[in-house]
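After this come two complexes, each holding subunit A, first together with subunit B and then together with subunit C.
Up next is the complex of A and B:
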């Protein structure tokens, strides 16, 4: 660790991993409720578990992104963070606000939560991924603005690099698009239209810039390839992201009541969205092939390559699978969507956060360059178990989706939703088993932090 | 794998090698058939090329493309002849089979392309 203040990333990463574990537990609860309808009813109804599962995901990824920024920016800017105290204060505010929100979801009915948090003053609740009470949303804005101030000041006062600029643009975009979560028009078409400005323009827009910058940072460190080469790639990747992703939002406008031209625009532009992910994968392999040093942190390199490959599969391939309007006509809102959502979120965002944790955590824990080889072996096992489990979750959900569409949406006598679900229970059982595999991988990952042994010199 | 000591990314036969991998990927992703025809023509034309890098990338991509032909096209015809597309199970198997096999070949092509760009030879893990 070159700068003292980089250490504020550590609590962010620890909190992220704790919440990740919570997310997976609620995923498994829901997976079981899919096949045993009254499991944990009425204590934890499905809709509540779903909210906890997805909100924990978003919140822990945000913790991870912010930790990544606090770790990377000092090294890129060649100076300490503007205010490490502010960073630590915001950490606690975010953690407490997040925890209270989750407790609120679990302790009282959602309608009661809306009432006691004053939702009727500024109604923003009740929409997927944006279920947080309005005061929590305001808290998120305050935390993100404080974070942006801190990081921007650090970047402005120090060395300016492409990596930190791209990251900064990504974070500013993240903050700006989140503001649309406060816009909640009565008209359902308008509501959905702008809802996607948060959801789609996050994951297929500004978050990709954050992803690209973290990936570039880790690759510079572990391969020793010239910064100029890596920056050139990064430029092209983010340009392609924005060119395809912004108008690509149209792939969510096919059936919500928006003008029909979106079926054409959305299909064409979103069909090109795999390009930046494709380039990221070629880029990562190319850099590792041209590396000029053998960095002792093999695990971080594995995560970097894994992110590039799995993001391409989850977002690129599984995204393309259902993105053309004539296909989406059948697949919309089916288990195909869930299959894609799981692999894309895991491959792009879960893995990049685990990648920067893998690279930076050993350094923040006082190791010379990397964890002892034994700990890395355990970590790499965790990588494979989690990743392969996620591949199977995706494949089983895809199978479920195909049958669901066949039974429920095709032919002369389509089945009702619930009758169709009964027919595909086998796939849901298999998904749940793969989910248990994922949990085992996650536990292995946690264990890797406690494995000792001789360190390797860099 | 060894760290490369020459940082210069250029070498004898590199552009042909990159073109070979690009055509292989294009055959899978953009212009099937036509891309393969061009690839095959390049391979035949440069069979005696002095650069081993170019030669091996051309040979490997032709070989892998033939496998793609067997595993994607021929299997599809067999399915059609055997069961037709009238049953749910056919669709189930076909979509999952094609998505996984196709993506696997694309990933291999990306590895090949990254190798070609780094002036390294690359064998597709196929017989």
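Up next is the complex of A and C:
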């Protein structure tokens, strides 16, 4: 660790991993509710479990991104963070606000939560992924603005690099597009249209800038390839991301009341969205192949390659599978969507956060360059168990989705939703088993932090 | 990568491309906003429909159901439930009202939300209005 204030990333990463565990636990609860409908009913109905599952994901990824920024920006800017105290204060505010929100979801009925948090004054709740009480949303804005101030000041005062600039643009975009979560018109079509300005322009837009900058940072460190080369790749990748992804928003506008030309534009541009992910995979492997040093942190390199490949598969390939309008007409809102969502989030965002944690955590824990080989072996086992489990979760959900579409939407005598669900229960059971596999991988991952042994000289 | 393609060219491609396509997106959004009134029939958004959307939101219905294909996939699609239930608001109200408090053994069940009569009517009005949006003929059939 070159700068003292980088250590502020550590609590961010620890909190991220704790919330990650919670997310997986609630994922398993939901998976079981798919096949045992009365499980935990009425104490934790499916909608509550889902809210906890998805909101924990968003919050822990944000913790991970912010931790990544606090770790990376000092090294990139060659100076300490503008205010480490502010960073730490914001950490606690974010953690307490997040925890209170989750407790609110679980402790009282959602309608009660809406009432006691004053949703009437500025109704923003009850929309997918934006279920947080309005007051929590305001809290998120405050935390992100404080974070942006802190990081922007650090970057402005220090060395300016492409990596830190791209990361900063990503975070500013994240903050600006989140403001659309406060726009909730009475007209459902308008509501949906601009809801995607948060959701799509985050995950298929500005978040990819954050992803790209973290990946570039780790690759510079572990491969020793010239920064100029890596930065050129980074620019091209994120250029393709936004060139395809912005109009690619159209693939969400096919069936929500928007005009039909979105079917043409959305299909063409979102069909191109796999390109930046493919480039990212080529980039990661090229850089590792051209490496100029043998960095002792093999696990971090594995995560870097893994995130590039899995993001391409999950976001690129599984996204393309159902993005063309004539296909999407049948697949829209089915288990195919769920399959894509799982692998895309895991590949692109979970793995990049685990990648920067893998690279930086040993340094913040006072090791010279990497964890001892034994610990890395355990971590790499965790990588494979989690990743393979996620591949199977995705495959089983894809199978469920294909059958669902056939039974409910394509056959001569279409079944009702619930009758169709009964027919595909086997796939939901298999998905749950794969989910247990993922949990085993996650536990293995946690264990890897506590494996000791001799550290390899760097 | 080719030496012909320099980093500053890559940077220009990023800034130029992003700005161009974002402006194009804004232009298309402007056009969409001008044609939406014919498709969403906003003149039919009565105070009941607006209240119904609020009831839909504060009970987190989207946490199980999808609406025009967006939401969760645990329970049936509801953009066309008005049609599926025989163009009957009463059938929708009756279904929501009759959910057992303790669920159904071994099966998925919608919670009992204890909605007031006004709220029930409002959410049914909201779903009726939603069913009339011109959403390019989706879903493929009445089962949603």
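Annotations
We adopt the following convention: the second predicted complex is superposed on the first by the 458 of 458 C-alpha atoms of A that agree within 3 Å, B and C clash if a C-alpha of one lies under 4 Å from a C-alpha of the other, contacts with A are read in each partner's own complex, and residues count from 1 in each chain.
Going forward, contacts are C-beta pairs under 8 Å (C-beta built on N, C-alpha and C of every residue); 3 or more make two chains touch, one makes a residue touch a chain.
Everything quoted here is computed from the prediction, not taken from an experiment.
The superposed arrangement places subunit B and subunit C next to each other on subunit A without a clash. In the overlay built on the shared chain, the residue A:317 is in contact with subunit B alone; subunit C does not reach it.
When the two structures are aligned on the shared chain, A:231 is found in touch with subunit C, with no touch to subunit B. In the superposition on chain A, A:335 makes contact with subunit C only, not with subunit B. Contact comparison for subunit A: of subunit B and subunit C, C touches the greater number of residues. For the superposed model, the angle subtended at the Cα centre of subunit A by subunit B and subunit C works out to 100 degrees in steps of 10. Once chain A of one complex is fitted onto chain A of the other, the partner contacts of A:281 are limited to subunit B, with no touch recorded for subunit C. Overlay on chain A (Cα): least separation between subunit B and subunit C is 7 Å.
On subunit A, the positions that touch subunit C within their shared complex are 30, 33-34, 36-38, 41-42, 45-48, 50-51, 110-111, 114-115, 119, 123, 125-128, 131, 162, 184, 186-193, 228-229, 231-233, 235-236, 238-239, 242-243, 246-247, 249-250, 253-263, 265, 329-330, 332-335, 337-338, 408-410, 414-418, 420-421. Within the complex, the subunit B residues that touch subunit A are 1, 3-5, 7, 9, 88, 91-92, 95-96, 99-100, 103, 106-107, 110-111, 113-115, 117-118, 120. Listed in rising order, the residues of subunit C touching subunit A in the complex are 1, 5-7, 10-11, 13-14, 17-18, 21-22, 24-25, 28-29, 31-32, 35-36, 39-40, 42, 45, 49-50, 53-54, 56-64, 66-77, 101-109, 111-113, 126, 130, 133-136, 138-144. Of all residues in subunit A, only 224, 226, 278, 281-282, 285-286, 288-294, 309, 312-313, 317-318, 321, 395, 398-399, 402-403, 406-407 touch subunit B in the complex they form.
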